[in-house]
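Across the two complexes that follow, subunit A remains constant while its partner is subunit B and subsequently subunit C.
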Partner chain A sequence: MRRILAIARKEFLHIIRDKRLLGVILVMPLIQLFLYAYALSFDVKQLPTATLDLDRTTASRQYIDALQQSNYFLVDGVLTSYAQVDKRFESGADKVVVVVGAGFGNDIAAGRAGNVQILVDGSDANAAQLGSSYAGALSRVYGAKVVISQIEQKGLNISGAGGLTSSMRTWYNPEGISAAYFVPGLIVVLVTMITVLQTANTLVKEKEQGTYEQLIVSPISRIELMVGKIAPWALIGALDIIIIAVVGILAFGIPFRGSVGLFALSSLLYVICTLGLGLIVSARATSVDSANQLGSLIAFLPTFMLSGFVFPISSMPPVLQWLSYLFPARYFMVICRTVFLKGGSAAVLFPQIAALVVFAVVIVVLAASLYRERA
Partner chain B sequence: MTDRTDSVEAAIDVRALTRVFRNVKAVDDVTMTIPRGEVFGLVGPDGAGKSTLIRMLATVLAPTSGDALVFGHSVLTDPHKVKPRVGYMSQAFSLYGDLTVQENLDFFAELRGVPHRDMASRSKRLLEFSGLTEFSKRQAQFLSGGMKQKLALAATLISEPDLLFLDEPTTGVDPVSRREFWRIISGLHRDGITVFVATPYMDEADRCDEIAFMTQGRIILRDTPSGMKGRVPGRVIEVAVDDYRRAMRVLRALPCVHSLEVSGDMLRVLVAKDAGECEGTLRDALAGAGFTVHHVTPSQTDLEMAFATLIPTAAKSTDASDGDILAVAE
Partner chain C sequence: MSWRRIRTLIWKEFVQISRDRAMLPILFVMPILQLVLFGYVVGSDVRNLNLAVLDQDNTVQSVRIVDGFTSSGYFTVSARPSSDAQLKDALDGGQAVVAITIPKGLGDAVRSKRAAQIGVIIDGSDSRTSGVAAGYAAGIIANLSNQFYGTGGAAMTAGGVNAQVRVLYNPTMRAVNTMVPALLAFILLMSTSNVMSQAIVKEREKGTLEQLFVTPIGRADYLLGKLLPYTLIAVAQLTLTFLVGVLWFQVPFRGSLLVTGGGLMLFMLAALGIGMIVSLMSRTRQQAQQTSMFLQMPQMMLSGFMFPIDALPKWLYLLTFLIPLRYILVIVRANFLKGSSFMELWPQFAMMAAFSIAIFLFGLSRFSKRLAD
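Entry: the complex of A and B
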């Protein structure tokens, strides 16, 4: 116990003395939080839009007004000919151009379908997809209104007519704020990166400094050395989780609906997994550089790509889906999102927590045996 | 922790110890015993296997075959019984540069289980005797080379080991610090601590109770410093002469000259024991060849001379090639 404390205290001294490292631990997560939360925002509002009204009737103006009032489109250009459409896209001034065909008003008045064309800039795939679906939906709604008013004008009472009403509602994140979706995921990504990379360094550094031999020649067991090395980083990992969570809640208005205890427990389990991974890298790597590279490979790619952080796991090819089970990140990702956005009891999250327990045990045992082998 | 009552057994008992690195025998079947309380010096060229031998004895490196008993405990099967009783100072600086002098000492004291009540007094004493008291709050990386080595020694001594392994402790250290370092070692010796030191310096080897010469993984000579010198078949005459490089050629041609070596700008000439009064012969030969001779005086055999003459014979008897060894002795 005394030796573990000696190692842990020494590690803390290393961290405190290293200004750059302190920055990496405390400031980087916040910078990344803000960067990711804003840059990775998939919220599409106020899409720059131009309109080309070839009809110029009351009906066409009403349609364009409806578009503008939706808040999804920012109509910032009124075009007069098709030739101008190209220019708007080319200069990047607009992502969407809505063209109201000539005869729109007459067609509607005559009870025929009015023609509207929606052009989107496909080079911005995300904006294009959302733009076209929003505009499509708006047009359908507008179309339905027109139909209803025409039916009413013809003196028919539609209250007696049957029909289908679908009302859509998003639960847990009703406004579809992507920050709510990203911040819990970011906790996973940032904590993984910091803990894996730092522990990946720690043992190799001692080897390069020549201090490792001094540790070996002292009566310290591998387990004591490992625990002493892990303990400070477990605390720092916890600190980072708390910082990101608190800033996420305060600055981005992310809810926290689950149990703090459950979240703390699973965070602890996950941090043990990542620290163990770092130690495995450290026991195997031959230099600090290779430890860094191997560490970032292990920390970054699976957590970013295979955890469901950016791409939903369910929509991945089967091979990648299987692969994702091999990294603890996917389980902690589910736990984080559930705890923040949904609530979720221990019973609901049992499979994920159980998986983390298994990972923690396997990784720690593996790391310990690698340590012993190297002596 | 320290049971000095079992003083009958040797401090170190090495038995056919061998370590192979990728087909190269770094340490090749070394067998020897080192009595307690001795300052034992290990000399030899770079790559002779000195560090490998020390690292195995200090339980840092596992042997390929053979074994060594340190205070009766095998480094192979009982390293945890060896570790508490030995201190090991590796060739490279092996402390934490970002920690202060005091923090380094405290860390190693905690790590090696120094009782809390003793920690303060021991580190105070060690700081004093290594002259580091006023630097106790300085980060180790900002110490001079000599101070770093003294700190490393202090950190090794904080657990009061019975046996100290020092791997070229004064390499890269200025002469004053070196002398001070050896003053400390003499002090330890007086306290009954066994010291096993590898050194490339002959003056340091001269301070040991016994020395062993190691080359190509084998110990080929072992004796006390005076025993080594006594084995030299002849005596040394010091010659001061202008243009000594050309003078060497003249001297080598003389029948009474066994060998010679350059020491500073002087020549040290080994002449056969039975050659009688040789000084005159040397002086006449040089003067006859037109050299200005400053002085020709009898001198002491030194270790360098001893190794230069003894190693080729010893190496032949142990089947080692002697080319390397001669190069080393210069």
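Entry: the complex of A and C
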């Protein structure tokens, strides 16, 4: 134990004296937190829109106003002929063109459906998807309003007409605050990046600097060395989790609805996994360079891409879905989201926690055996 | 400046690259890996969302509703809870991201043409799905309503506005078609700036820079000898990415190679400049890598590469104008899918040229100053 503490203390001194490293560990997570919290959103608002009003009546102007007031469309161009439409799209000036057909006002006044055409630039798939569904829905709502007011003017009662409707509710984050989506997931991403990348370096670095022989001739056993080396990083990992969680809760108003104990336990399990992964990389890598390459590959790609952080796993090709089961990030991602936003109990999260336990055991055993054999 | 010396330096660089085991993966494995992952993960359309169904009605109509959801391809039933508590657990544990509840008596209401309502609950903790899923669900329910009641039955859909929505250039709204053109620019930026900075820092780390300068090689020779090989490599990477995108991912190319290629070449100046700036800020290769990663993050987030920039807060939106990647993305996407020509894209070209040349010259001047010291 005394020897482990000595190694841990030495490692700590290394970290504290490296100003740049300290910046990477403590400042970078915060900058990323703010950047992600503001920028990471697929939401589309104020889509640049041009209008081509072939009708020029009060009714057509009211319809265009209704679209603009929704805040989803920003009318920044008024066209006078169809020939201009292509140019607006090709220069990227507009993503949506709303064409109100001639006779729109007359049709509506006569109780028929007025014709409009909504052209959407598909070259931005996400904007096109949201833009086309917003435009369609807004037109339906506007049309329904017109019909209801017409029927009411005639003094008829419309409550008898049937139809299938839905009451749509969004749970956990009803206001759609993008920080609430991403802060819990960001904990997973940042902690993985820091712990895997830094522990991946530890062993190779000592070897490259030639200090490794000195350690080996001392009475420290391999396992003591391993524990001593990762202990400071476990603490730093925990510190990062706490910083992000606290800033997320205080600065962005993210709720924390679950149990702190459950979160702490699963964080611990997850950090053991990532530290173990880092050690495995460190034991296999031949140089600091390749340790960095391999480490960033393991730290970044699976956690960012295959954990469900931003991109839903269920929409991926099956091969990538299977691959995602092989990285512990996927399970910790569910746990983080749940404890922050949903507040689920241990029973609900049992499969994820069990998976983390299995991963932690397998990774630690593997890392220890590799360490003993290689070191 | 002597062409013979530059040629020797280029040769030296290529020999060095081919013998460096850490460099080869960055050059050839990373671009392919990025292309495949971004193409399949980021470029995947939101489909097969996990759906929990709480059917308290169990009639022909309720089964048709569930069919309506699953046959669209957007939803797959992943849980069939039998109570509200179980439904909550399914959403809490992430087994489902959308839940529908069909109340008892819905079938009767539909048969007697009375109004009926089903509940839709969306997991708001998942950004990508919650927006899109709500849209899908609304469309499916409107469709079912027409089937159950006939178009005339619901007064709402009869008169009013008949909106015909048409999506141009990418009618199926395939996300890969948006992602692959952008990846050309993104991979160019990542790889060129990364490799460039690593190569310079490595030379400094190993102390071979001094050795070079006691030879008759001038600063200009050295710079050209460094820049040219990485330009060639970048062109090779671009060709590879382009071919994989068009042939494997089947992205239509409707533009001209001149516009896309010319734009990317101009953008490469920015990438090389960033590489030089990173190399000035770092003493070791590890630091260079960390600095590159640090600089890549905001470029990825604030350029419109993955996330739309229109909805950003004002101060962040203003920041996006400073990122050259923003302009090249508009150029490659528009040229690829819409066939936009230089005539339509000149504002983007002008902005990008200004930034790229400024970054490149800044990097170059600081770099030659550093060499002169």
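Assume the second predicted complex is superposed on the first by the 358 of 375 C-alpha atoms of A that agree within 3 Å, B and C clash if a C-alpha of one lies under 4 Å from a C-alpha of the other, contacts with A are read in each partner's own complex, and residues count from 1 in each chain.
We adopt the following convention: a contact is a pair of C-beta atoms (placed from the backbone, for glycine too) under 8 Å apart; a residue touches a chain by one contact, two chains touch by 3 or more.
On a predicted model such as this, the values are computed, not experimentally measured, just so you know.
**Q** Under the superposition described at the top, does placing subunit B and subunit C together on subunit A give a clash or a fit?
**A** In the superposition, subunit B and subunit C stay clear of each other.
**Q** In the overlaid three-chain picture, which partner chain does A:87 touch, first (subunit B) or second (subunit C), both, or neither?
**A** A:87 sits against subunit C, while subunit B stays out of touch.
**Q** Let me test your reading of the model: by the given contact rule, A:317 touches which partner, first (subunit B), second (subunit C), both or neither?
**A** The answer is second: A:317 touches subunit C but not subunit B.
**Q** Going by the contact rule set out at the top, does A:209 touch subunit B (first), subunit C (second), both, or neither?
**A** first
**Q** If you stack the two complexes on chain A, which partner ends up touching A:349: first (subunit B), second (subunit C), both, or neither?
**A** second
**Q** Quick one: subunit B or subunit C, who's touching more of subunit A?
**A** C
**Q** What is the contact status of A:18 with respect to subunit B (first) and subunit C (second): first, second, both, or neither?
**A** first
**Q** State whether A:217 touches subunit B only (first), subunit C only (second), both chains, or neither.
**A** Touch partner of A:217: subunit B, not subunit C.
**Q** Tell me which partner A:2 touches in the superposition: subunit B (first), subunit C (second), both or neither.
**A** first
**Q** When the two complexes are placed on top of each other via chain A, what is the minimal CA separation of subunit B and subunit C in Å?
**A** Comparing every C-alpha of subunit B with every C-alpha of subunit C, the smallest gap is 16 Å.
**Q** Considering each complex separately, which residues of subunit A are in contact with subunit B in the first and with subunit C in the second?
**A** Correct list for subunit A: none, the interfaces share no residue.
**Q** Mind pulling up the subunit A residues that touch subunit B in the complex?
**A** 2-3, 5-7, 9-10, 13-14, 17-18, 209-211, 213-220, 375
**Q** Looking at the complex, which residues from subunit C come into contact with subunit A?
**A** 21-22, 25-26, 33, 37, 40-42, 44-50, 76, 89, 91-94, 97, 109-110, 113-132, 134-135, 137-139, 141-142, 144-145, 148-149, 153-175, 177-178, 285-287, 289-290, 293-294, 297-298, 301-302, 306-308, 310-313, 316, 330, 333-334, 336-341, 344-345, 347-348
**Q** In the complex of these two chains, what residues of subunit A are touching subunit C?
**A** Within the complex, subunit A contacts subunit C at residues 20, 24, 28, 32, 35-36, 38-48, 63, 87, 89-92, 108, 111-130, 132-133, 135-137, 139-140, 142-147, 150-151, 158, 161-174, 176, 178, 180-182, 184, 201, 286-290, 292-293, 296-297, 301, 305-306, 308, 310-312, 314-317, 320, 334, 337-338, 340-345, 347-349, 351-352.
**Q** Looking at the complex, which residues from subunit B come into contact with subunit A?
**A** 55, 58-60, 62, 80, 83-84, 86-88, 90, 92-99, 103, 107-108, 110-113, 139, 155
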